[in-house]
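Please go over the structures that come below.
Below are two complexes that have chain A in common, paired first with chain B and then with chain C.
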Partner chain A sequence: MSNLLEVRNLAKKFTSSGGAFRKARTMHAVNDVSFDLPEGRVIGVVGESGCGKSTLARLILRLIEPSAGTLHFNGEDLRAKTPAQMRDLRAHMQMVFQDPYSAIDPRYTIERAVLEPFLVQGVKPIDGAAAQVEALLNMVGLNPGLADRFPHQLSGGQKQRVGIARALALRPSLLVLDEPTASLDVSVQAQIIGLLEQLRDELGLTYLFISHDLSLVRYFCDEILVMYLGRVVEVLPDTNGQACHPYTITLMNSTFVPDPKHRRVIRPLEGEVPSPFDLKPGCAFADRCPQVSEICRAETPELSKHSGHLVACHNPI
Partner chain B sequence: MLEVKDLAVAFGSIAPLSGVTFSLAKGETLGIVGESGSGKSLTAMSIMGLLPMSDGRVTSGSIVFDGQELTTLNESDYCKLRGGRIGLITQNPMTSLDPLKKIGTQVDAVAILHLGMAKKKARANTVDILHTLRIPEPALICERYPHQMSGGMKQRIVIAMALAADPDLLIADEPTTALDVTVQAQIIRLLDDLVKQRGLALLLITHDMSVVAQTCDRVVVMYAGRAIEQGPVLDIFDNPQHPYTQALVGCIPRDLKDGEKLTSIPGTVPTVLNYPEGCKFHPRCTRAQNICTTVQPELDRNGDSAVACHFAGASI
Partner chain C sequence: MINIIGKKIGAISWLRRSPLAKAFNSWLGKIAGGFLVLLLLTAIFAPWITPFDYAAQNLMNGNAPPAWPHLLGTDQFGRDVFSRVIYGARTSLSVSVTAISISIVAGMTLGAAAGYFGGIFERVVMTIVDLTWSFPDILIALIFVAIIGPGLTSTIFAIAIAYLAQFTRLTRAQIVRLKQETFIEASINLGGKPRHILLRHLIPNAITPVIVIGMLAVGDGIVLEATLGFFGLGAQPPTPSWGAMMSSGTAQLFLSPWVIIFPGMAVAATVIAVNLFGDELIRALDIRDRLKEA
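What follows is the complex of A and B.
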């Protein structure tokens, strides 16, 4: 299987402008992230708010410019592309956003919203606009009769389906899903996840699935990247694999299991995620880590093999 | 401690809530689960006497709190209960705090108003509560403003306000929805400890089945404004009787075996304007028969459990 996407040492820094009484500060939103996404696989990215998940998604589509690192999609170097070339390429890589309420222009009908990608790319729908809209709405399980409605007449789940239909309009091979079910109820979430599974099998799609919901990621993904403060701290090659990084373990222990028979004493992580501005040297997790030792505060751990998978920790468990 | 019987609420001619019955004892955690629009928050607001909009009113049924009927209570007596004997924790800590007042002042106000404490004593009380909520350096925190704190910390302050007057009943309406998993775990653990240590009764409203599984003793499942099933948490998860509860439990991504898929419920939750006749779940139900389209099933009580379905029973 060839790699559809290759990410190497990707980084994004945001710098706040300094003022007369304030120093300029740098925030490392994404720091030295590398991974391969083979065709047909589903990689999940998990982490708490502010760990850089969504920034990573936007960097991959070059919706924001990376500060460093390389990006290869289908063997092509994305960072070398001009904006016009990039726009052509985006027909093959699409994104589904977290908030279906704000992803669609409220003044567009559903038909116009679904046809917008064709307009942007200057592509004519294959068998005429109306037939194309019908086919796309059918594909995501929506009644084609909804085509002349407006977004406010649809429920959250229906709007998210429209978001998926738009992303699929130009037959992409990669879909970046940024928390596609975070604002939906569980029963609607189950419908959307079922739809995504079905589309992957039918259209041979590859997904990068970003979520804060560990049990959902374990269900849906083949491989999991765990992020903390902009860095990938652990790569779990299969979703039942044993975690070694103290942060991944705490994250798993803080996740409630939806089974009243398996109640456990939850030992929540004390303290809070440190500010991403002007990070100290060493491991970002050191201040909250039960395994911390001297080297953790001096050297930032690199991803290295430990019990069969990649972990960035000096004292893996 | 709290007994809700056949509660119905209407706004003009629209009736978003009807037939809600449940009870809650001291030291017990009762979960109310359901999807958006199922009437969970409306139930909480009815108990607090805070129905939104001027024409919202309780049309029938009763709410009895510690022997006192609440539906006929006048406003000034209600004010003494609210924040005093019944504490409320809302979903969004960012909007429950006054951005212009110091944390200490806001928490003090509760004890000053409800317990008639003097300012100094109220502050000591506040520091005490912040300490039990494991907030570091409580005296210092009292001098801060809400914008200087993180979401998890703000939610703890909201809990502190709810606890300041030493209530008997705590209503938590989606207390952790806006928070990250690690912070959620801290807050839920805290609430759990409070119930055990102080013998509080906790009414936990949430759409998150994993939170329910880990904390509640009993569960009420709501659908389209009605309580359709209730029982001990183990029964609800392992032996649900109502087809909706069964489907809802199937939607949770649990540790499924390889190849096993999530089940999903076809169709969408009806809005209050197009509630169907008869059982409100029948258009989406696999067991629906003719009777379901015309006759609303009543809650059928069996010991500690109750279910409202013509064809209730374990799934086939």
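What follows is the complex of A and C.
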């Protein structure tokens, strides 16, 4: 199985420009992220809000320009592509956005929105536009009769299905899902997840699934990257594997179990996520970590093998 | 044939559903809008409505008070004031609408480019545009007339320049806000070129408030045209213009007040109607917040 996507040392720094009365500040949104995404697999990225998950998704699709690192898609160096080459490549790598309410132009009908990928890529839809719209809407479980509606006439779940239809219109091989269910009702979430599973099997898609919902990621993904403040702190190679990083363990312990008899003490993390501006040396999690020791505040831990998988921690459990 | 009828019905139903129709929902909108439609028809069909030639002089019947057949009296040269007011509507409306259209097109282009590309380009454009805004409209108009001489063409350009800043700023503000929307990112992610993003997403979503402000500016444009005409810098005789007519009426203000009163009323009524209708349009489209952005 070849790697569809190879990410090496990807980083993004945002620098606020300084002026006469303030210092220029640097924010490390994503720091030294590396991973391989083999064809047909589903990798989940979890972390709290603000940990750089969405930025990572946008870096991979080059919607934001990375500050450092390399990106290979199907063996091609994405960062070496010109804007025109990149536009052509986008047909093969698509994204489903978190907020379906603003992901469709309010002035576009559903038909026009679904046909936009063909228009911008200069591809003639097979068997004509109307048949293509019908086929795509059927594929994502929408009534083709909705084609002449406007986005505001659709529910959140329906809009997200339109978002998926748009993303899949040009048959991409990679689909980046940026919290596709975060702004939907729970019952609708389940439908969308079911649809995504079905589409992966039917179309042989490769997913990068971004979420803050660990239980959802464990259910849906083959492999999990846990992010904390822009860095990958643990890579769980399978969803049942034992976590070693104190942060992952806290994250796992804070998911609820649907069993009223299940009793356990939830120990919420103390303190706040440190500011991503002007990072101090050492582990970013040190201030909140129950396992903290001297070295944690002095040296930033690298990802290294521990009990069979990669962990970035000086004192793994 | 059926197709043509279908298209015609489509056009009518589009007109009914269009935002313009919504402004007719309130009684204020009906009165103001009705007046404007009437004015427009009058201006278009002026040659069939006017009982006299607007330029025909009759010195024997100068300064005649309103009476049959001169409904609004005659001016010092015995020209029919009614006919001249109606032809004046033609001049005022066409000058103002042309000027504002030029202003909207130029302003939207500059504003959209500034908002989309940003950087140094945006700074330069916005500085120049803000500079034109810091001068009173009439002063810009006077500078323009001084450069290319009096006449309708310079009036048109003067009005267009005077209102350019407004449209540029409004468009830029909208584009800057819209650029952050997810659907723009989604379109870029589909491989949309800047041209596609600008013409198919950003400008269509920004155009409504600009058109409404443009509508209101037509009222101001009429006043500016009348002002320039009043000073003899706009329409040149014998072209009838409301401003020029009022100007010529000042000489006989007390002898024959109708010469100045009726064109004055025409300006006032038109501007009031435009403003009321514009307000109704803003209310109907619910875009008050978006207008504050500029």
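Of note:
In the analysis below, the second predicted complex is superposed on the first by the 317 of 317 C-alpha atoms of A that agree within 3 Å, B and C clash if a C-alpha of one lies under 4 Å from a C-alpha of the other, contacts with A are read in each partner's own complex, and residues count from 1 in each chain.
Keep in mind that, in the parts below, a residue touches a chain if its C-beta (ideal position, glycine included) is under 8 Å from a C-beta of that chain, and two chains touch if they have at least 3 such contacts.
Small disclaimer: the values here were computed from a predicted structure and weren't measured.
By the touch criterion defined above, A:Q153 lies against neither chain B nor chain C after alignment on the C-alpha atoms of chain A. In the overlay built on the shared chain, the residue A:L251 is in contact with chain B alone; chain C does not reach it. Within the superposed three-chain model, A:N143 lies out of touch with both chain B and chain C [touch as defined at top].
When the two complexes are overlaid on their common chain A, residue A:F97 makes contact with chain C while staying clear of chain B. Between chain B and chain C, more residues of chain A are touched by B. Contact with neither chain B nor chain C is seen for A:Q242 once the two complexes are overlaid on the shared chain. By the touch criterion defined above, A:V120 lies against chain C but remains apart from chain B after alignment on the C-alpha atoms of chain A.
By the document's definition of touching, of the two partners only chain B reaches A:Q191; chain C does not.
In the superposition on chain A, no chain A position is in contact with chain B in one complex as well as with chain C in the other.
Contacts from chain A toward chain C in the complex involve residues 58, 61, 63, 87-88, 90-91, 94-95, 97-99, 102-107, 116-117, 119-121, 163, 166, 170. In the complex of the two chains, the chain C residues touching chain A come out as 181-183, 185-193, 196, 201, 204-205.
For chain A in complex with chain B, the residues that touch the partner chain are 48-49, 155-158, 185-191, 193-194, 197, 212-216, 218-220, 250-251, 253-261, 263, 266, 268-270, 272. Taken together, the chain B residues at the contact with chain A in this complex read 35-36, 150, 152-153, 180-186, 188-189, 207-214, 216, 233-234, 237-238, 247-248, 250-256, 261-265, 268-269.
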